[in-house]
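Shared chain: subunit A. Partners: subunit B in the first complex, subunit C in the second.
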Partner chain A sequence: MNQPVPSLIHRSPKTLFPYLFTALFLLAFIDSWRRAGIEPMVLFAAKGRGNVWKFLSGMFPPDLSWNFLSLMFRPTLETIQISFLGTLIAVIIGFPLGLLGTHTLMVRGILNEAELQGVPVRRSLRYAIYFLARGVLSLFRSIPEFVWAFMFVRAVGLGPFPGVLAIGVAYGGMLGKVYSEIFEGVNDRPLEALQSLGANKLQIFFYGWFPQALPNFVSYTLYRWECAVRASAILGLVGAGGLGQQIEISMRMFNFNEVLTLLMILFLMVAGVDYLSARVRAML
Partner chain B sequence: MNDLQQQYRLEEVRKVFGRHQIALDGIDLNVQRGEKLALIGPSGAGKTTLFRLLNCTLRPTTGKLWLDDCDVESLHGKRLRAMRRQIGTIYQQHNLVQRLKVVHNVLAGQLGRWSTPRSLMSLAKPADLGLAHKALEQVGIADKIFERTDELSGGQQQRVAIARVLVQDPEVILADEPVSSVDPTLASTIVRLLIDISESTRKTLIVSLHSVDLALAYFPRVIGISHGSITFDLSPDKISEAMLEGLYAGNDREQPATEAVNEPASPIAYPSIS
Partner chain C sequence: MNSRTALKTCETIPLRGGGRGGKFGAKNVLVLAATVALFVWSYRGAEIELTQLFSRDSVQQIVIYIKKLIPPDFSAPVLHGALKGTIETFAISFMGTLMAVGIALSVVFFASRNLIYSGLLYEMEPKQGWKRTARMLPYLAAKSLLNVLRTIPEMVWALIFVFMVGLGSFPGVLALGVHTGGVLGKLFGEVLEDVDTQPIESLQATGATRMQILFYGILPQVLPQFVAYTLYRWEVNIRVAAVLGLVGAGGLGQRIHIAISLFLENQLLTLIIAIYILVTIVDYLSAYLRRKVI
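== the complex of A and B ==
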C-alpha cells in the first residue's frame, strides 16, 4: 500500500526546486563576490590598518565636555523631532495607501465576491485604484530617503524640514506596503461575519480588521520610528539638519572624539525608542 | 402576486468554485417566513456554501435566489448591505473579533443601522450599553459585558455571537453548525435558545447540525444534503433510518467536527473544499 506513494513523490516536479535554488544561490554568491570586488585581506593591509587605527584611536576618549554636550543638545532634540514628525507623516501617507493596496479589502476574497460578481465596471475600477495605490507606494519607497532629502533640500532649503519630508515620503512607502501585508494577514472569518450583518467596508475595517492588526501595526510603526532616528543622521549629511549635520562637521574636522560622542547619543536614542516600543507592545 | 409569506426561494442554484469544484449542484428550496428548519449531511456536502449564499456572502454561479421576493442578483452596494442586515448568521467558530471587548462584539449587530462615524465613536464609548446588556442577559452572560472576548470559553463566545444576532434583530437567523464545538448538554441548550428566539419573534430559523438527533428532536422540517444536492426534505417523523444511512453513505459520520477546523476560511482562496 505504501509502494505507489514514494514513486509519486519522486515524479513530482517540485523535488527539483531545492537543487535549482541551491545552484542559483551558489551562482549568485560566487558572481557577486567577484564583481563586488570583495578582498578581505585589504582590510588588514598595512595602509588600511594605519587609517583604521588613526580613526579609532582618535575617537578615544570621547568628548564629554559640557561645552560640547550643551552644544549638541539642540541637534539631538532636532533629530528626535525630525524622526517623530517624519514617521507621523509616513503613517498619514502609508495608512490610507496601504488600505487601498490591501488585496483582500479591495479586489479579492470573501469580502468582494458578492459585491464584484457580475459588475465588470466596478471590478475594473477597484483594480485600478488598487494598482495605483501599490504603484505609488512602490515609487515612494524605491527612491532612497537620501535622494528624497536631496530633492527637498533644493525645494525648501537647508534645515530639518526637508529631512521631515524625506522620511515622511520614503517611510510612507514602506509603511504602506507593510500595513497592507498586515491587513491581508488577519483572520477573515470575523470579517465575513461583520459583512454578513450589513456592515460597510469601513465599519468592517474598524471593527474587525484594525483590532486584529493593531499589535503588528503598532510594533512595526515604532520600529520604523527607530529607523527614522538613524536615518535622520544620514540625512544630515545632505544638509537636512539634526545630529547628522554635526557628525558630518566633526568628521570633516577630523574630530573623531566628537564623532564617538555623537554616535553614543544616537545609540541611546535608538535604545530609548526600542525600550518605549517594548513597553507599548506589552500593554496591548 | 407573490406570496408575502415567502422568505427564500431557490431555483436550480449551483455554485462552482474555480472551474470544477461543484459545491452546490442544483438546489431547489422554498422557505416560509417564520419556518424552522435543520440541515444535516456529511462534511463537505455544501452546507456552509449554502449558508454563504443564503446570507448574500456569495452569489449563485447559475440559478436564481429570491429573498423576500427580491432577486439577489440585482443587489449591490447599499441595497445589498440593507438586505444582509435582515439576515443574522451564527457561525461555527463564532467569528467574533477576539481582541475586542464583548460589548463591542455584541453592538456590532447594530452596524447595519449605524453610520460609520457613529460606529467609530461607539468603539471609544459604547453607544447603546442598555441594548448590549439586555441581549447578554437574554443569553445568560450579562456579567461578561466588559471582558475581552478572547478571555471567554467556547460556549460563552457562542452566546456572545447569539447576543450579537439579538442586537441585529434580523428577519432570518442562520446558524452554521452552531454547537459543534460545545459539549452535548450545552448543545441542546443553545439549540433550544435559538428556537425560543425564533418562536418568540417569529424569525425564520435555518440551522445546520451534524448531530442528527438534535435536528430530529427540535425541528419540524429537516433537509438532508449530500454532494451539493438535497436528498430529502421532510418532517422528522417521515425520515427513516435508511434515509439517514443513505445520506451519510461513504462518509464517516463521527468525524464532521474536524471539517470545521480544517475548512479554509475562504472558498475563493482555496477552491478545494467541496
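== the complex of A and C ==
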C-alpha cells in the first residue's frame, strides 16, 4: 500500500539517435543556409524594398475590365479541360499498372497461394511483371509534372496537349501506386468466402475485390483531380496552355494588376472545383 | 431510428455506399451523365484529339525524343553539375520547409478556433461582447493570411520572388517557405482543433492557466502530428524544389531548363536520374524519421 507505484510511462531506451540526429540536422542547416544563398536582408535593402513596393502597389486595383476578363475566359476553361482529360489519362495509365503492381493480386495472398507453390518459373514471371509495373509507376511519379510538361512541349509542341500528357503521366504514376495500396488493403474475408464457394479468380475479383475498392478509388481520383486543376493552372509557365501562360506573360510584362486578377480567377476556380468534388465525394 | 440503421447494416454487406437504393439510382445516373458531359466538353475544348495521341505522327515524335534521351551523359563535368544541383535542391527544400514551419507555428495558434476565442478554454467568458470580438479579429486575420499564402501556387510565388530579390536559390526558398507555410498552417490548425479535450479539462480542473494548458495539455498531443505533417510536406517540397529552377529559382530545375533549351537531351536524362535518386532518398529518410518520432 505504501510502496510507490512504479511509473507506467514508457521510457524509450537510451540510444545515440537524438545526438546523431541533432548533429546531422545542424550540419544540414548550416550547409543549406550557405548553399541556398539565404540573405534575408536582401528583401529589406533598398533595391529589394523598392521591388516589393513596386509589386504590391502595382497589384492594386486588380484589372477587372471586361476587355481583360473576356480574354481570360478561354484560358480558364482550358485549364479545367486540361485537368479533366489529364486525370482521365492518368486513370487509364494508373489502373492497369496499379493492378499489376498489387502484391496480393500478383504474387501472394489467397488468390495465388495454391497455384504458386512449387512452380518457380511461373512465380518468377509473376514477380518480374510485378516489379516492372512498380518500377514504371515509380518512374512516372518521381519525375515532376513540370519536367514532363517541358519534355512534352519539346516532343509534341506548345499548347494544351503537352499539359494533358504531363498530368496524365505524372498523375498516372501516383494513382497507380495508390490504387495498388487500396487493393492491398481490402478485407480478405469476402474473398475467402467467395473462394470457398468455388468462384474463379475473375469472379473473386469482380465480386469480392472491386466493390470494396471502388469507393476509395473514386474518392482518391477526385482528390487527384483537384490537384490536377491546380497543376494545370500553372503548367502554362513552361508553355503548356491554360492560366499559367497568362500569369507568366503578365508577370514578365510587369502588369501586376493583371496578375492579381488571374490569381483571383485561380482562387475562384480552385474553390469551385474543391466544392464540386467534396459534394460528389459526400454522395459516395 | 438507430436500431433500424443497425439492422440495415447487419442485413447487407457493410460497404460504404451500400444500401443506397440500387445501382441505377437517380444520383448515380446524374453523376455519370455529368461526367460524360464534362468529358465531351473537355475533349472538344482542349483542341486535342485522343486519336492524335495514338497517331503514328505523335508516337513517332515521342519515340524520337526518347531515343535522343538515351544514353545518359555520365561524363565528369555533367555528373559534377548534377551533384551540385542535387545538393542545392536539397538545401532549398530543407530551408524552405524550415521557414514554412516557422511561419506556420507563428500563425497557427491564432488560426485555431479553440485556442483563440471559443471552446473549452473560453467557456466562462460571456458569449457576446467586445472581448470576444477582439479575440476573433486575430483569428480571422490569421485564417485569411494562411488562405492567401496557400492559394498562390509555389511556382507563382517563385516568379514573384524572382522579381523581388533576383535570380538564384533564395527566391526558391522564399517561395517554398511561404506557400508551404500556408499549407502547414492549415494542417496544423486542423490538428489543433481536433485535440482531445479530456486532458485539457483535467488540467483546467487543477487550476492551470491557459498558457499552462497549452504547454502541458495541447502541445504534447499535437507535436508528433506536426512533425509527421512537416515531413510529409518536405517530401512534396523536394519535388517542387527540383522544378522551381524552371522559373529561375535555382536548384536542379535551372540545369534542366538549360539542358532542355539547348537540346542537350543526354544531359537532361542524367538530371532526371538525379531527381529520381534524390526523391527516393528523401522519401526513405522521411519515412524513417516518421517511424522514429511517432
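Some observations on this one:
Following the convention adopted for this analysis, the second predicted complex is superposed on the first by the 229 of 284 C-alpha atoms of A that agree within 3 Å, B and C clash if a C-alpha of one lies under 4 Å from a C-alpha of the other, contacts with A are read in each partner's own complex, and residues count from 1 in each chain.
Quick note on the criterion: a residue touches a chain if its C-beta (ideal position, glycine included) is under 8 Å from a C-beta of that chain, and two chains touch if they have at least 3 such contacts.
Computed from a predicted structure; not experimentally measured.
Of the two partner chains placed by superposition, only subunit C is touched by A:283; subunit B is not. Within the superposed three-chain model, A:164 lies in touch with subunit C and out of touch with subunit B [touch as defined at top].
In the superposed pair of complexes, A:95 makes contact with neither subunit B nor subunit C. Contacts of A:122 after superposition: subunit B is touched, whereas subunit C is not reached. Applying the stated contact rule after C-alpha superposition, one finds that A:188 touches subunit B and leaves subunit C untouched.
Of the two partner chains, subunit C is the only one touched by A:156; subunit B is not. Touching more residues of subunit A than its counterpart among subunit B and subunit C is C. Contact with subunit C, but none with subunit B, is seen for A:144 once the two complexes are overlaid on the shared chain. When the shared chain is aligned, subunit C comes close enough to touch A:84, but subunit B does not.
In the overlay built on the shared chain, the residue A:131 is in contact with neither subunit B nor subunit C.
The intersection of subunit A residues touching subunit B with those touching subunit C, taken from the two complexes, comprises 190, 211-212. Residues of subunit B touching subunit A in their complex: 55-59, 73, 76-77, 80-89, 91, 93, 95-100, 104, 108-109, 111-114, 116, 119-120, 123, 161, 164-165, 168, 170, 265-269.
Residues 108-110, 113-115, 117-119, 122, 187-190, 192-200, 202-203, 206-208, 211-212, 214 of subunit A touch subunit B in their complex.
For subunit A in complex with subunit C, the touching residues are 17, 21, 28-29, 31-33, 35-39, 42-43, 48, 51-52, 55, 77-78, 80-82, 84-85, 88, 138-139, 142-144, 146-147, 150-151, 154-156, 159-161, 164-165, 190, 211-212, 215, 230, 233-234, 237-238, 241, 244, 247-248, 251, 263, 266-267, 270, 280, 283-284.
Looking at the complex, you find that subunit C touches subunit A at residues 13, 15-17, 27, 31, 38-39, 41-43, 45-48, 50, 52-53, 58, 61-62, 64-65, 87-88, 90-92, 94-95, 98, 151-153, 155-156, 159-160, 163-166, 168-170, 172-173, 239-240, 242-243, 246-247, 250, 253, 256-257, 260, 268, 272, 275-276, 279-280, 292.
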